[in-house]
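Following this line, the structures themselves.
Here subunit A shows up in two complexes: once beside subunit B, once beside subunit C.
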Partner chain A sequence: MSSLFRRKDIMITIVAFCFGLVIVPYFFDIKELNTYANNLSKIVAVVTTSAFVISLYAQSRRNLIMVRQRSKGWPYQGFQLIIVFLIAAVGLILGQASLPYKWPIEAIQMSGSTVFYSIATFYMISAGARAFRARNTKALLFLLSAVLVMLAQAPMTELYMSWPATIRAFLGDTFGKTATRIFAIGLAISGIVLGVRTLLGKEPATLGLQG
Partner chain B sequence: MKNMVEKEGFNLFKAMAYIDRKYLFLMVFIITIGSLLFPISIPIQIGKNTNLYYSYLSKLKSTDIVMWKGATFRSYMEVKSGYIATLRVIIEKGAKLVAMYDEGDQQSVFQMVMGNPSTGASGILTSLMEQKNYKYWDNYIDLGMVLLGGEATYVSLARNFQGYIHNDYAGRPIQGSFLENVNGAADFAMIIDSGPLAGIGGDFLGRHFAMDYKVVYLGNMIGVGIAPTQTYIETGIVKGMLESGRGGAELEYLIGAPGPGLAALNVMTLGHYYFIALIIIGNIGYFGWERKARREEEIRAGGQKK
Partner chain C sequence: MRRGKLPYLRRVLALDVIEDAVGRSTEMGRPILESYGTVAFDQFVIASLSTLSYVARLAAKVDNRVIVPIGGNPGSMITRPVAVDIVKSAYEAEGKGELFNENDMPFLSYEFFSFAAGYVGLILRERPGAVIVGPETADALMYVEEANAVGALTIATGYYIANVAVLACAANYVMIGEEALAAGAYLSKEQSRITSLRTVDIFKFLAIVLVVVGVILVQLKNNFIIDLLSI
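Right, the complex of A and B next:
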C-alpha cells in the first residue's frame, strides 16, 4: 500500500486535489467545500508547526556530535543543548505562563537581544567614519543618496529645509519602490512557476522524490 | 603608506580618514547623555503616513476588535514609542484587543507594556488600564504564539477562527469571552503589525485579511520596513504606517501623550547629523590622504614587480 503512495502520478494527483480544494473556494462560495478547505489549511498549519521537532532533532544531533568530538566551541554547543531542553522541560511541566519558563526569556533573551541590536550603532558609526568611501561613481551615488535620506529623516531638518524631504520622497518613490516591487513580483512569479512545475511533475524534490 | 607617514608626520587628512574609534564611540555617549540632560525643544512636523495611521486609529469604537501582531525585542527598540502610544489609544477607546505572535519574545514585550495577567506583574500602561477599567479577558486576550505554521495558519485564522483557536496562551478556553463570536477575518475591525511589515507576516496578513476581507491594516514599522511598506500603502493593502521612532513620536504628539518617542527626538536629530558628519569627514580624509597614499603604494608595488 505504501508503495502506491510513493508513485509519482499518485502524489501529483494528491497535490492537484489539495490545490483545487484550497483554490476553488476563493472563487466559488460552496459551504461544504469551504469546510474541507478550512480543515485542510488547519492540518497544514499544525503539520508545519510540528516540523520544529525535526529541526530540534537536527540541531541536537549536530550539537551532540560537536560535544563528543570536542570540536571548536563545543562548550557553547553543550550549553545551548542544556538550555534548550531545560526550558522545554520547564515549559512542559510548569506551563508556558509560569514564571520559571518566562524568566530566561525576560531576564536573558530580552537584555541580550536589546544589547545585540544596540551595538549595531557602534558598527554603523565606525563604518560611517572609516568604510563608507566614495571609491567610484556608484559608491558616490550611494553615499549621496544615503546622506540626503538621513538628512531628511532627522526630525529637525524639515523645519528649516524642505528640499531634503523632496529628494527623499523622489528616491523612495522611484528607486526604492521599484526595487521592492521587482522583489515582490519576482517572488509571486517564482511561486506560480514552482506550483505549475510541481503539478506537472517537474519538481520531484518538492514531492520528496529523487530528481 | 609607511613612507608617507614618516615623510609627513601629523597629517590632518590622515587624521580625518582614520579617526580613532574610541573618540567616535565617546561622541555617541556624549550625544545620548547630553540630549537627555539638556533637552532642546524641537518642533515636530507630522508626516502623511502618521496622519493616515492616526485617522484610522482614532475611529476605533468600543465594539471593535483589533488584532495585534507583536514586535520582538529587537524591533521594539525602534517602534517602542508607537507601540505604547497605539495601545494607549486602543485602551482609551475601549476597543477589544487580541494579541498573537510568531516569535517567542513578542509576548514578553506585550506583557512588559500591558502587564502579565498570570503573575499579576504591572506593565507600562497598567495605571491607564486600571483607570479605564481595561481588563484581561473582558477587554483583551493574549493568544500566545499562534502565528506559526506559515501561510496556512493565516488562512485558517481568516476563514476558520473557531476551528483553529480554542484557548488563550494560558490554556483557558475562549468560550464565553468576546472571541466567542469571532468566526474569521471579517470580524476584526483592524490589524496592527509592529515590526518589519514587509516580512512574511505582512504578506500573509495583507493577502488573507486586508485583501480578502478589507480589514484595516496598519503598520508600526522599523526603519528598513518603511520603504517596502510604502508600496503596500499605495496599493491600499496597508492603510497607514508609523515610520520607526519618528512616527511613534509624531503619534505621541497627536494623541497628546508625550512618551519615549518625543523624549528621543533630540538624540534622533543629533544622531543622524553625527552620522552624516562622519561620512563627510571620512571622505575628505579619503580624498585628501588615503587615496593618494594607496596610489603611491600601488605605484611602488608595481615598480617593484617590474
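Right, the complex of A and C next:
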C-alpha cells in the first residue's frame, strides 16, 4: 500500500487536487468547495501536530545516542533532554498556567532568545569589517553610499546638517526602490514558474524523490 | 524553440560552485552542512529541497556526510520527513544507503532563536568544510559568520533584498532571489526544466515592457496600465 503512495503520478495527482481545492474557492465563491478547503486546512493542522511528536521522538533518540556514545557536546544534549521532559511533565501535572511551567519559558527561553538576537549586532560588525574594503571602483562606490546612508541614519547628524538626509532619500528612492521592484518582479514570475513545474512533477525533490 | 537545443543560461556562480564545495569538504575530511529554510512548504523551501537533493547525491558519491539542521518554525516539522526521504534516497541512488544516518538531520527546535543557537553550535562542533545556508531570515548572517570562523566555504540564499545586502558582505557566494528558485532546474540540466527558466526570462521581458510603457503613459496623463494592473 505504501508503495502505491510512493508513485510519482499518484503524488502529483494529490498535489494537483489539493492545489485546486485551495485555489478555486479563492476566486469563486462556491459554498461546498469552501467547506472542503477549510477541512483541508484542519487536516494540515492535525498533520503538523502529529509531525511534532515524530520530531520530538527523532530528537530524543539522537540526544540519547549522543549521550550514550559520549559524542562531542554530549552534556548539552543530555541537559536538553532532561529539560524537555521535565517541562513537559510539569506542564502535564501542574498545568500550563502554573509558575514552574511558565518560569523556565519566560525567564530562560525567552530571555535567551532575546540575547541571541542581540548577538546579531556583533555578527554584523564582523561581517562589515571584512566587507567594507574598497578593493575596486564598485566597492568604493558601495562603501561611499553606505557611509552616507549611515551618516544620515545617525540621529545626531540631523541636528547639524541636512544634506546627508537628502542624499539618503535620493539613493533610497532611485537605486533602492528600483532594485527592490526588480527583485520583486523576478521573484513573483519565478515563483509562478516554480509552482507550475511542481504541479507538473518537474520538481521531484518536493515529493522526496530524486530528480 | 528548436527541439534538442538548450536555451542560453546565464551562469549562476553560487550553484556552479556547489560541486567544488562538496569536493573541498571531502578533501579536508569535513562534512557538508546544509539547511533548507525554517518555514513549511513555500517556494524557497521547495527550491532548497532540490539543492539538498543535489548536494546529498554529490556527497554520497564521495562518501561524505551531509548534516541538515532542521527547525526554527512549527512548519518545519512538516518538511522534515520529506527532507529525510530526499537525503536517504540520494544515498540509496548512489548505492551508499548504509552511509545515511538520520541523526545527521537533527530537529533542533521549533523556536526560532533556539534553532539558531543549535545551528551555530553544530557549525562549531562539526566544523564543516562547506555551509550552504537556505532561505533563512535574520539568523542567516550568524551561520555565515560562524562558518567563516571555522574556515568553511559559504553559499547563502538571499531571498529578500535586505538579506541579500547582508549576505553579499558575509558569504562567499550568494544566490540572489530568483536564482535560488531556479536551482532545481539549473542543476538538473534537463531540457524540459531548463526551458521553463527561459519562460521566466520572457515574462520578465514583458514586465519590463509594461513598466516602460506605463511610465510613458503616466507622463502623458494616461492611467491605462495602472488601471489594468489594479483589477
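Following the convention adopted for this analysis, the second predicted complex is superposed on the first by the 132 of 211 C-alpha atoms of A that agree within 3 Å, B and C clash if a C-alpha of one lies under 4 Å from a C-alpha of the other, contacts with A are read in each partner's own complex, and residues count from 1 in each chain.
By definition in this document, a contact is a pair of C-beta atoms (placed from the backbone, for glycine too) under 8 Å apart; a residue touches a chain by one contact, two chains touch by 3 or more.
Bear in mind the structure is a predicted one, so any value in this text is a computation, not a measurement.
Q: With both complexes overlaid on chain A, does A:L159 touch subunit B (first), subunit C (second), both or neither?
A: first
Q: Name the contact category of A:T137: first (subunit B only), second (subunit C only), both, or neither.
A: neither
Q: Look at A:V193 in the shared chain and tell me whether it touches subunit B only, subunit C only, both, or neither; answer first, second, both or neither.
A: second
Q: Report for A:K102: first if it touches subunit B alone, second if subunit C alone, otherwise both or neither.
A: In the superposition, A:K102 touches subunit B alone.
Q: Once the shared chain is lined up, is A:N38 touching subunit B (first), subunit C (second), both, or neither of them?
A: So A:N38 only meets subunit B here.
Q: Check the residue A:I185 against both partner chains and state whether it touches subunit B (first), subunit C (second), both, or neither.
A: second
Q: With both complexes superposed on chain A, which partner does A:T48 reach: first (subunit B), second (subunit C), both or neither?
A: Both partners, subunit B and subunit C.
Q: Does subunit B (first) or subunit C (second) touch A:M124, or do both, or does neither?
A: The answer is both, since A:M124 touches subunit B and subunit C.
Q: Using the superposition on chain A described above, determine whether A:G172 touches subunit B (first), subunit C (second), both, or neither.
A: The answer is first: A:G172 touches subunit B but not subunit C.
Q: Does any part of subunit A touch subunit B in one structure and subunit C in the other, and if so which residues?
A: Touching subunit B in the first complex and subunit C in the second, residues 44, 47-48, 52, 109, 113-114, 116-117, 124, 126, 128, 130-132, 180 of subunit A appear in both lists.
Q: So in the complex, which bits of subunit C are touching subunit A?
A: 40-41, 43, 46-47, 49-50, 52-53, 57, 70-71, 74-75, 77-78, 80-82, 85-86, 89-90, 93, 102-103, 106-108, 110-114, 116-117, 121, 125, 138-139, 141-142, 144-145, 148, 159-161, 164, 166, 168-170, 176-178, 181-182, 184-185, 188, 190, 192-193, 196-197, 199-200, 203-204, 207
Q: Inside the complex, what are the residues of subunit A that reach subunit C?
A: On the subunit A side, the touching residues are 44, 47-48, 51-52, 54-56, 58-59, 61-62, 65-66, 72-73, 76, 109, 112-114, 116-117, 119-120, 123-124, 126-128, 130-132, 179-180, 183, 185-187, 189-191, 193-198, 202-211.
Q: Which of the residues in subunit A end up touching subunit B in this complex?
A: The contact residues of subunit A facing subunit B are 22, 34, 37-39, 41-42, 44-49, 52, 95-99, 102, 105-106, 109-110, 113-114, 116-118, 121-122, 124-126, 128-135, 143, 146-147, 150-151, 153-159, 172, 176-177, 180-181, 184.
Q: Show which residues of subunit B lie in contact with subunit A when the two form their complex.
A: Counting only subunit B, the residues touching subunit A are 17-19, 21, 24-25, 27-28, 42-45, 72-74, 77, 104-105, 108, 112, 116, 118-119, 144, 148-150, 152-153, 155-156, 159-160, 163-164, 169-171, 198, 227-228, 230-231, 234, 246, 249, 265, 268-269, 272-276, 278-283, 286-287, 290.
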